[in-house]
Amino acid sequence: MMDLKETPAPAGEKDVFKSFELALAVKSNDPVNGEYHRLVLEAPEYLLARCQAGQFFHLLCPTANGETPYLRRPMSIYGFYPQKGELHFLYKLAGAGTRALASLTQGDRLNVLGPLGVPFTIEDGWQNLVLVARGVGLATLAPLALEARRLGRKMTAICSARHPDYLMSVDYFRELGADVITLTDAEGTSGVDNLERVIEELIAGGRADAFYTCGSNRILKLLQTIGARHGLPGQIALEQQMACGIGMCHCCVRTFQRGDKLLQLRVCREGPVFDMMEAVAW
Amino acid sequence: MVDLSVAIGDLRLKNPIMPASGTFSEELAEVFDLERLGAHVTKTITRDWRDGNTLPRVCEVNGSMLNSIGIPSKGVGSFLEKVVPFYQRYATPLVVSISGNTEEEFATLCREVSVDGVDAIEVNISCPNIEEDGKAFAIRPSSTHKVMRALRAATDLPLWAKLTPNTGETSEVASAAEEGGADALVVANTILSMAIDIQTRKPKLGNLMGGLSGPSLKPIALRMAYQCARATKIPVIGCGGIATAEDVIEYLIAGASAVQVGTATFIHPTAMVTIIDELEAYLQAQGLSSVRDLIGTIVDDGQDEAVVFMEAAP
Amino acid sequence: MVDLSVAIGDLRLKNPIMPASGTFSEELAEVFDLERLGAHVTKTITRDWRDGNTLPRVCEVNGSMLNSIGIPSKGVGSFLEKVVPFYQRYATPLVVSISGNTEEEFATLCREVSVDGVDAIEVNISCPNIEEDGKAFAIRPSSTHKVMRALRAATDLPLWAKLTPNTGETSEVASAAEEGGADALVVANTILSMAIDIQTRKPKLGNLMGGLSGPSLKPIALRMAYQCARATKIPVIGCGGIATAEDVIEYLIAGASAVQVGTATFIHPTAMVTIIDELEAYLQAQGLSSVRDLIGTIVDDGQDEAVVFMEAAP
Amino acid sequence: MMDLKETPAPAGEKDVFKSFELALAVKSNDPVNGEYHRLVLEAPEYLLARCQAGQFFHLLCPTANGETPYLRRPMSIYGFYPQKGELHFLYKLAGAGTRALASLTQGDRLNVLGPLGVPFTIEDGWQNLVLVARGVGLATLAPLALEARRLGRKMTAICSARHPDYLMSVDYFRELGADVITLTDAEGTSGVDNLERVIEELIAGGRADAFYTCGSNRILKLLQTIGARHGLPGQIALEQQMACGIGMCHCCVRTFQRGDKLLQLRVCREGPVFDMMEAVAW
C-alpha cells in the first residue's frame, strides 16, 4: 500500500497546482437519515481556498467489511468552510464504495483528490435563481446557495424527495434566505406536471432568471422545455462513472448538443456543471 | 547521490518512470510537476477523428479494472497543433503513441507524427489489423514483423513496439518486432477480459469485453517482460500493474530497462512521483549507485526459457 | 424445490459444481461429503512416473496464486488400481484428467483410462506438444484439432477438452476442439505468469514461471468461457477464479453449463459445498425453478464478437 | 467474501470427518516476547478431541495493515485443552500472514482448518525421550511433552535459542517434569559440537531412547549422525510452504530416503512428522 501523505505538494507548489491528493482527517461522519451520511473532513486552508460550488472530489474509499473498492468515487462538495477548516460531503449509501465511506470514524484519514471540475457560475444578470433538486442533488446545490447569498441574489429552492423524511437541507436553504418549495412522492406533489406548474408560477412572478439542477433526467427535460419556452438559461451538474477524475481516461463522457453538432464531453473535466440547454437527456 | 538515469537506445531518460499510454494527459500537470517524469507518453491517436466505445467504459474487478475506452481521437491535425506544443515546454522526452488498422494507414500516421518535439514513437500494435482477420498485429509474429517493417521505413525516430498479452507467442512476437526494426518493446498492453452484472445480466462494459489492467495483470506482464528481455537485445519497457517502487524493482530485475505506470495513476495521481522518490531511497538504502545495476539481475540459473515454458504448463 | 441439475452432453450432473483438476483429491473426503459435488475431477496424470517441478512450487500474488507443481504422477497403473476404485464408492460421476507430450502417448493413455467407473475424460491439452515447438496443443487451432482427433479415436467416453488462456485465438481453438470431437470444453487452465523476490532476486517459483489462478484470473477466463459458448455448440464448463455463488452465476449467464472450482478450495476447503447451498438459495430467492434458466442468458444485444474483439483492443 | 461458518459440518458429520473448517473465537493473543505471540482460541470439544501432538492447523489470516494474505498459513498445535475448550498456537512474526495474525484481538474470529497431518508417536519401548528444539520448534514439541508426561515417560528437553531472553516454554517443560538443558548463542553454548557433547552424555547416562526435533537442518544432521552411531530412532517435524494443507496440491513435498529409494513426500499429508533417519537434510 502506498503511504498516504498529508501534503504531497511542497510549499511552493500550493500556488501552482489546481488539485491535490491529500489524506485528510475525519472530523465526523454521521447518518443524516436512513440513507444519507454527512462526512466532515479537516482540510488545509489552501485547499478550501480553491473550492467552488459545483466542483467535486474523488475519494479513495477505505477497505471495509472485507471489500476493497479499487477506483475512486466522485462526490460533490457539500460545503467548504475555510474559517473552520472543514470540507463537507453528503452521500447516499449505494454500493461498496459508499458503504466503505460509512465505516470511517473520527480520526481516520481519507485520501481525497480535488477540487476537480468546472464549478457553477452565477452571471451578473441572474438576480433570481431557481434551484431544483432531488435526493443527493441537494448536496451539489448547497454550496451554490451559499455563494448566491454571498452575492445577494434571490433564491427559490425546489426540493423534491420520495417522502418528507428524506427532504434534506431544507432548513439550510431557508437559513440562506431561500424560498423553499417542497415536493414529495408521498404527498403526490413531485410529479412533472406539478413541478411545471410551480415553475411557471415562479416565472410569471418574475422570480426565475436562471435554473440550477442536477442529475435527474426527468427534471432536465422539463427545464429544457421551460427554458426554451421562455428563453431562460440554466446549468446542470451531471453524473457519470469515473476512473481518473481529471480528464485522462475518457470513460466519463456524455453527449451534448452544441448548435447542430453532437459532442462527447468529459463530465470530470468539461463538467460536471454544463449548460442546461446543451445537455442531451438520456 | 544515486543515478536514476537509463537509456532506451539512444534516448537517455533521467529516470525509468513514465506513464502508460491512455492513462496520462496534459491535465495531470495540474496535480504535479510533469518535469519529474522520465518521459511523457501520450494516449494512442489514430489518423482521423474517432468517437470511442459505448458506455460504460470502465468497471472494477477484484482490485483491478477493465476498460473499453476505445480510441476517441481528434485526429492527427489537432494532435500536432495542440498536444505536441504543450509537451514542448518540458525538457522531458515526448513519446507519441499511434495506431492504425492497416499497415498503410499506420505508416502514414507514423510519418506524420515524426516532427520536431517528438522524441520517440510508441506503436500500439495491440490494435486490430483489419487486413487480416481483425486480430491485433502483435498476436502473431508474422503480422508483427510486417507492420514493423512498414513503420520502420516511415520514420527515423526511435520506434517502440507495444505488445499485447493476448498471445501464446510472446517471445516470437518480440523477436519479430526486433527484426522488423523496433528500437524498444513496451510490454504489455491490457489482456482481454469480461465482467457481467448478475442483476441485469448485462456485461459491465458497453463493449462486452475490455482490457484488464492494474495489479491483477502484473504477474502476466512481468512474465512477458522477462520473456522479451531474454528473447531480444533491445530494451524492454515493463508495463502492467505497477503501483509501487517494489513493483518497478521487480520489473527491472526481470530485465526491463524502464517502466510505464498506468492504472495506478488513477488511484493515486501522484503515484509516479512517489515511486521515483521511493526508488531513489531504495537504491540509497541498498548502497547501489545506479538504477542500472538492477536491470536484468534476476538469479535464474540460466534456466532455458523454452524448457521452462513446457514444464510450466500444468 | 429448485432443480440444480445440468447436462454436459449425455452426462447428467446433479449440480453444476465440480472441482478443477489438480485442486482436488481423495483427501478432501476427510473434510466434507464428496457426494455433494456435481462431479469428481482428478489431477492430471501422465502414462509414466513423474517427479513434478523444482520447489518452491507455489507463491502468493496480490490475492491470487502462482503454481508450477508440474504433474507429479505415479503413472497410469497406480491410478487405475488405487484412485478409480476410491471414487467408485460414490454415485457422483468421475472425470479423469490426462495429458501427454505427444499425440500417440496422449491417445494411448486415453485408451488406458477408458475403463469402468470413469464417466468422462478431461484432456488437458494445455500441456506442451513436444512434437511441434513445445507450445501447448491448445495454443493453436491446428494442433488442437489434430490431437483431439487422435483422442476421439481412442475412446468412446465423453471427451472434455481443457483449454489454455495462453493464446490469442480462443474462439478458433474452441471450434477446432469441437470439430476434433470434443464433447465439452473446460475453460480455462492457468495463465503463464511470474513473480520475483526482490530481496534475493530469485523467481518466487523454482521453475521461474507458473500458472496464475484465483480471483485475478476470473475476468480473463470468464471472457474465454463467453467466447467459447458463442463459438461452439458444445457445453462449456467455466473455470477460473470462482470463489462464490455469484461467480458461478456470472459464468452461467455468460454461457457456461457448469463450473469448476480450483484455488478457492485451498482457501476454503468447504467452498464448493457453500457455493452449492448459496446457489440453491439464490435460485429460490429469484423464483427460478432450474439452474438451467441462467445458462447463456447474457443480455449482449447480439453484438458480434469479432467486431467487439477489434474494438476492445485499446 | 465467503461467510465464516462456525460449524459447517452437520451434527452427524462430526463423527465422520477428520478435519474441519471452523471460525473460532479469539480468547487472547499476547506477545510472549519481542518476536513470539501466543494465540488462544475457543474451540469445540469434538475438534480438540481429534488433536494430537505434532499435528497442525492451517490458518486463514485476516486482512490487516492493508495486506490481505491469500493462502492459509500452517501452524503447529502448541496446546489443546479439551477441559478448557482451548486451542493454542505459538507463532513468530515472519511476514504478512503472521503480522496479520498479530492484529487479532479478543472476540475476533479466525478461520482455521484442522487438525491436519501425522502426529508424533511414542513407541512403547521409548522410556527416555530427548526433545531438541530451537525457536518456534518448541511450539511443536510442547504438546508432545504433555503426552509423554501422560504416558509417564522420562524427558530431557534441550532448548536452544539466540539469547536467554528468547528461551520460551522452559518453565512449561520443567512443570511437565522434564530435565531442561538450555543452550544459547549469546552464551556460546548452542554450537553443534557442544550439542553433540550434551547428547552423547545423555546417551552415556542411559537417558536417550529416542529423539524428537523439528525444523533445523543443522540439528537434523547431527541427530542423524548420532542416531546412526548408536542405532537410536527419532522423529522430526518438518516445515514446507503449503497451499492446500490437506494433500491435494503437491506443493509441500520434501525428499526422503527409504532404503535406496529417494521419495518425495508431502509434508502436510505424510508429515509433518517423519522418521528422523529418512529425512534428507537440505
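Here the chain labels run A, B, C and D in written order, and each chain numbers its own residues starting at 1.
The rule we apply is simple: a residue touches a chain if its C-beta (ideal position, glycine included) is under 8 Å from a C-beta of that chain, and two chains touch if they have at least 3 such contacts.
Labels paired with UniProt names: A, D = Dihydroorotate dehydrogenase electron transfer subunit; B, C = Dihydroorotate dehydrogenase.
For clarity, every value in this text was computed on a predicted model and none was experimentally measured.
Participant: As a quick test, compute the distance in whole Å between the mean CA positions of chain A and chain D.
Facilitator: Each chain reduced to its C-alpha mean, chain A and chain D end up 59 Å apart.
Participant: Which integer distance in Å separates the CA centroid of chain B from that of chain C?
Facilitator: Inter-chain centre distance comes to 31 Å.
Participant: If you average the CA atoms of chain C and of chain D, how many Å lie between those two points?
Facilitator: That gives a centre separation of 36 Å.
Participant: Could you give the separation in Å between the centres of chain A and chain C, each centre being the mean of its C-alpha atoms?
Facilitator: 48
Participant: Could you pull out the residues of chain A that touch at least 2 other chains?
Facilitator: Where chain A meets two or more other chains at a single residue, that happens at 68.
Participant: Give the residues of chain C that touch two or more other chains, as numbers and ranges in rising order.
Facilitator: Residue numbers touching two or more other chains: 22, 62-64, 67, 69.
Participant: Linking chains that touch, what shape results: line, ring, star, complete or other?
Facilitator: Shape = ring; chains linked end to end, path closes on itself.
Participant: Pairs of chains that touch, anyone?
Facilitator: Every touching chain pair, ordered by label, is A-B, A-D, B-C, C-D.
Participant: Quick one: in the complex, what on chain C touches chain B?
Facilitator: So the residues of chain C in touch with chain B come to 22, 44, 53, 61-64, 66-71, 124, 126-128, 130, 134-136, 139-140, 164, 166-169, 189-196, 198, 200-203, 207-212, 215-216, 218-220, 222-223, 226, 241, 246, 249-250, 253-254, 297-300, 303, 305-314.
Participant: For chain A, which residues count as touching chain B in their complex?
Facilitator: Contacts found on chain A: 2-3, 5, 8-9, 13, 16-21, 60, 68-72, 111, 113, 240-241, 243-251, 253, 264, 269.
Participant: Report the residues of chain D in contact with chain A in the complex, numbered from low to high.
Facilitator: 1, 63, 65-68
Participant: Quick check: in the complex, which residue numbers of chain C touch chain D?
Facilitator: Interface residues on chain C, with respect to chain D: 22-25, 27-28, 30-33, 43, 51-52, 55-58, 60, 62-65, 67, 69, 72, 214, 243-244, 265-271, 273-274.
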